[in-house]
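Chains: A, B, C, D and E, in written order; residue numbering restarts at 1 for each.
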């Protein structure tokens, strides 16, 4: 093993370990601030940089809040329930963080300083996308571990919910990605991103749009974001699997959750939103990194927006939504995409437009039909008045 | 046939409007900055917060002119004990629903706000950890001696002693009362003046009527009535 | 205001009942209560389908001074002893006819009081009768789930009874308020 | 009718095929985020399904009734604020109404108008924050709740200006009100009331068509008409089960017969959480109608009738009730000729509405149990007293 | 060299994981040890440049089989598994014999037909090629397997529906 290789591996991976936790800190601030504004509050606005006590003058919109939170978390008491499985209670947050961090390597995120290096990036692997899904699935284990090791009934319920939910939603997640893989003919993340150069983003095709919507919804469930945050449903099961976590272990869970959010948004960007493609990339290659992260943040902004708006689903409705709505729709999407792709090989111009519109109609009608089928009696009602 | 997910989009439009609106409309961002900040020194007793009377009222967003918190005793002049209105009649102590007032009557009389020798409270304690700000003591007081303060910064490191307000903590001037509750104070002063005028007119009328009958006897009667005029009405 | 319910037919049908004019209430012997209640609920003239309020009232033995008008027109004050008793009061309304209330009282003795539970007639009595059991110690025959409701299971005594005295408070700790309370308890202030 | 009065059947887990599963017993509360206070539900779960539920009360019990029996009539007025601490005005009113029946005091007209205004503002406060809490129980991150609180603040400001306190108002007196509202208060109130419908439009847009809310609430926690009547359910919950019964209409207490307003109720087919939620939403519109009429019709005059300074009623028994936002709030007073009530009883709507909690929750998911409790609308200060 | 180190480390982890999985009394701990074993195995596949197989190993064995085991354990009475029963069964001798036999049978062909290193390098198991193989020569096998799995799925659903709470006739009428 040459020293060069070690150096290159470090140069390729360490930035991921630095940039994303930093972004995590920023995102927590962003989320708190955005949610506050959605709810007509002010949000964190006192803690400045560096942690000024009398905020006000140097508060910088409360940007110091994540730092203060981090310090608070570090110094909080680490409480472990008496009956808990101490080993697993300790391992679970770490295990939650590792896969989330690991899958970041599979994103085609090329930093300017890595160009001249050996090709050590994991996204050049032949099966990068499938690796991504495989390793994301490990998160489930960590959550189960946390839920089980806490010896708390709410935690256990949360763990059970998490397993059921994440396994179910992995299927539409993967199936919607299949469409893109089919079109590109490769599981290599870099190739997929490159195939979408010149604004040929998959989200601009009907099947790509449908797949993107399904992917986005399923990814919300996969990372336990509202409206699918059942494993940590506050109003029902306190905090779900991390009810019994405090201090730094809780912070690790928190970090893992946000990193997973970045990772899955990054995959969505890779698959549907053209990776690092964007205006000005041809002239300045490093802009691709900026675009990539900007797109991730656009998706995260939508997630925050959804979180500020929606209540959560019920367990059976959640499972029904995955199995009775998303799964058939994503399978149909694969079929539609296959046929349409072959049909438009010969067609051009108007015919192509007709095919696209037809695809959209088929997909929308199916979705509508499935919705009607799943919830036939759910609709607004009329009320009577007595004088 | 409604749009699939249409309700969700409508809801998102509402939240987006609120998000944007919170930057532009005061209506949508009702949070007020609580600008009073603790100084380095912690207060040792309740009531040591704001240092000057009425200081916290600079921040009109947290306290309005109508809000009430805990009772205070009124005095009219600059020297509190010389112009205290309270005559230690103990009606408020009896009527207080959570029984948080403790009064001990003085043994000797002393000249007070009215300019006549009266009893005064040797002890007047209010346990604000028990007081529930119901304002019943204010209503039952026949002398307008106790009114509601709006001071709310009462936290103290001493859980027991610190929350027992003594007579001297409770004494506030009528000017302060005017500052915190201008409308109410003006109305009250007006009513007191009217009552006083009415009483004086009555006294005058009675005196004049009595003059015709027998001067000396009437005078003595009028003085006896003045001593404890309202007490008898209310005590039962 | 509310439309009162005529009580005369009840007195006619059930001879054991009587009408307490002063309280405006129908007093029913505990044995007959369930039968009368069911009849009141189902009879078309009443249809008292809604039992609003259930509560107990504890009467200690006391001396009552009454003014009695004699035959010759003179008024005399007579003192008589009222025996102790326990009332369980039901306020009945009719939602269909929008009438009510009819005050319905089950009267029983004060020591080990026992009355008929009306929960099978009106479900709304379930928690309220539990409360009466808890706070007054009235035993409801036929109540499906008679447990303490507001006090904890191990609690002894029935705090709403007039002769209940507080036990020693083991969580007591001295506060300045004690001074104040002691003064009140010493009887310096007579309410 | 008679079948509905029976206690709900004992649901037992029936094992089939010899597959053995065990029940999970969860004690939800007394410190659970969505039990609205220190309420506890002992829930037995089969997976996520509720197979048994026992409500446990009493964590906030302070024997309000006994306290009131040991103090004068007036002195327990501030304690009624603490019953249902969201709606201190209607609590005051119910107590004042009962006490006024004891001694038959005339209430001046202006006081009656102000009482109606306060009560309807209270209803707005209660319903708007209840809907917010309810959606919070559904899992929203507090957004509707905070919108509700934003609007509630405006009404609480009005309360503060009138009575000096935002929640523990202690504003009503036997024979009227403690003091008149300050100058300009009525204009401010008109302003708030005029702008409230805009907020309601926005609120309805946010909530009433949301697919998730529809599918979460419809068909959950069904309460039949018969059971609702028999169990003494009152208020919006009763009307959501299809019974048209509003004490404002039935008793016509105070001056409610002078106002035109409608009472929304459902057709009684289901009586689920959605109905309870919607009935409250619609009721707010009617309250605004009443408020507009009352603020238009109010005249000048005194606000406190010639109530006796020492309240010492003759021996009598009265039961006074009002339509509080949560249901029928009644006060049963027995006077014995002393300045203290011999018997003082509160008929708490929150507690009695909880009678059917178990019936509604059985067979539902654990998440539904939470929203069913939320849709009942309880305040523990009133449940436990 | 680095590959050698990685190989030995992964092998050691795999063996240790397997041993812990067998010996551990606590069932949940055992399952997690088993997953460590799976993960190490996946690493070994990666060393053989069979990245697709490695990914599938994680996806299927850890992501699906392991979690299925956890679910099964969750549904049993003693979730903890600390019941102190004797963990070694009486038939340990025959177990050992069978294990040894399987080991030898697996080892024999490997020893006999060890391909030359160059040939091993020539096979580049790309994902595309795998896909083509599955869809062309082995399509019947694949479909039969899919059918089997579907049957199992339906069977599982039927079995799971056996337990249900009898509801009172709903008031929906």
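What we mean here is this: a residue touches a chain if its C-beta (ideal position, glycine included) is under 8 Å from a C-beta of that chain, and two chains touch if they have at least 3 such contacts.
Everything numeric in this text was worked out from a predicted model, so none of it was measured.
Chemist: Can you name the chains that touch subunit D as well as subunit E?
Modeler: A
Chemist: Taking each chain's centre as the average of its Cα atoms, which chain lies closest to the overall Cα centroid?
Modeler: When every chain is reduced to its C-alpha mean, the one closest to the whole-protein mean is D.
Chemist: Per the definition at the top, count C-beta pairs in contact and tell me whether B-D or A-D has more.
Modeler: Most contacts of the two pairs: A-D.
Chemist: Based on CA centres, what chain would you say lies at the far end from subunit C?
Modeler: Most remote chain from subunit C, centroid-wise, comes out as E.
Chemist: Among the chains, which one keeps its Cα centre farthest from the Cα centre of subunit B?
Modeler: E
Chemist: With chain centres defined as C-alpha means, what is the inter-centre distance between subunit B and subunit C in Å?
Modeler: Distance between chain centres, rounded to whole Å: 41 Å.
Chemist: Just curious, how far off is subunit B from subunit A if you go by their C-alpha centres, in Å?
Modeler: That pair's centroid distance is 58 Å.
Chemist: What whole-Å value do you get for the distance between subunit B and subunit E if each is reduced to the mean of its CA atoms?
Modeler: Averaging C-alpha atoms per chain gives centres 77 Å apart.
Chemist: When you check subunit E against every other chain, which residues touch at least two of them?
Modeler: Within subunit E, no residue contacts more than one other chain.
Chemist: Can you pull out the residues of subunit A that are in contact with at least two other chains?
Modeler: Answer for subunit A, listing residues that touch two or more other chains: 38-41, 308-310.
Chemist: Note the residues in subunit B that touch 2 or more other chains, in rising order.
Modeler: Each of 8, 11, 14-15, 18, 28, 30 in subunit B touches at least two other chains.
Chemist: Could you list, by residue number, the parts of subunit D that touch subunit C in their complex?
Modeler: Residues 1, 4-7, 57-58, 61, 63, 65-66, 71-72, 227, 229-234, 243, 245, 250-253, 315-317, 319, 321, 328, 330, 332, 334, 339-340, 342-343, 345, 347, 351-352, 354-356, 384-385.
Chemist: Quick one: in the complex, what on subunit B touches subunit C?
Modeler: Touch residues, subunit B against subunit C: 90, 93-94, 99-102, 125, 127, 129-130, 160-161, 163-164.
Chemist: Quick check on the complex: what are the subunit A residues that touch subunit D?
Modeler: Within the complex, subunit A contacts subunit D at residues 35, 38-41, 153-154, 156-157, 161, 226-227, 229-230, 233-238, 307-317, 375, 377-387.
Chemist: Quick one: which bits of subunit C touch subunit B in the complex? Just the residue numbers, please.
Modeler: Touching subunit B: residues 174-177, 179-181, 183-184, 189-191 of subunit C.
Chemist: Could you pull out which subunit C residues touch subunit D in their complex?
Modeler: 1-2, 22-25, 42, 49-53, 55, 57, 89, 91, 95, 98, 101, 103, 119-128, 131, 135, 144-145, 148-152, 159-160, 191
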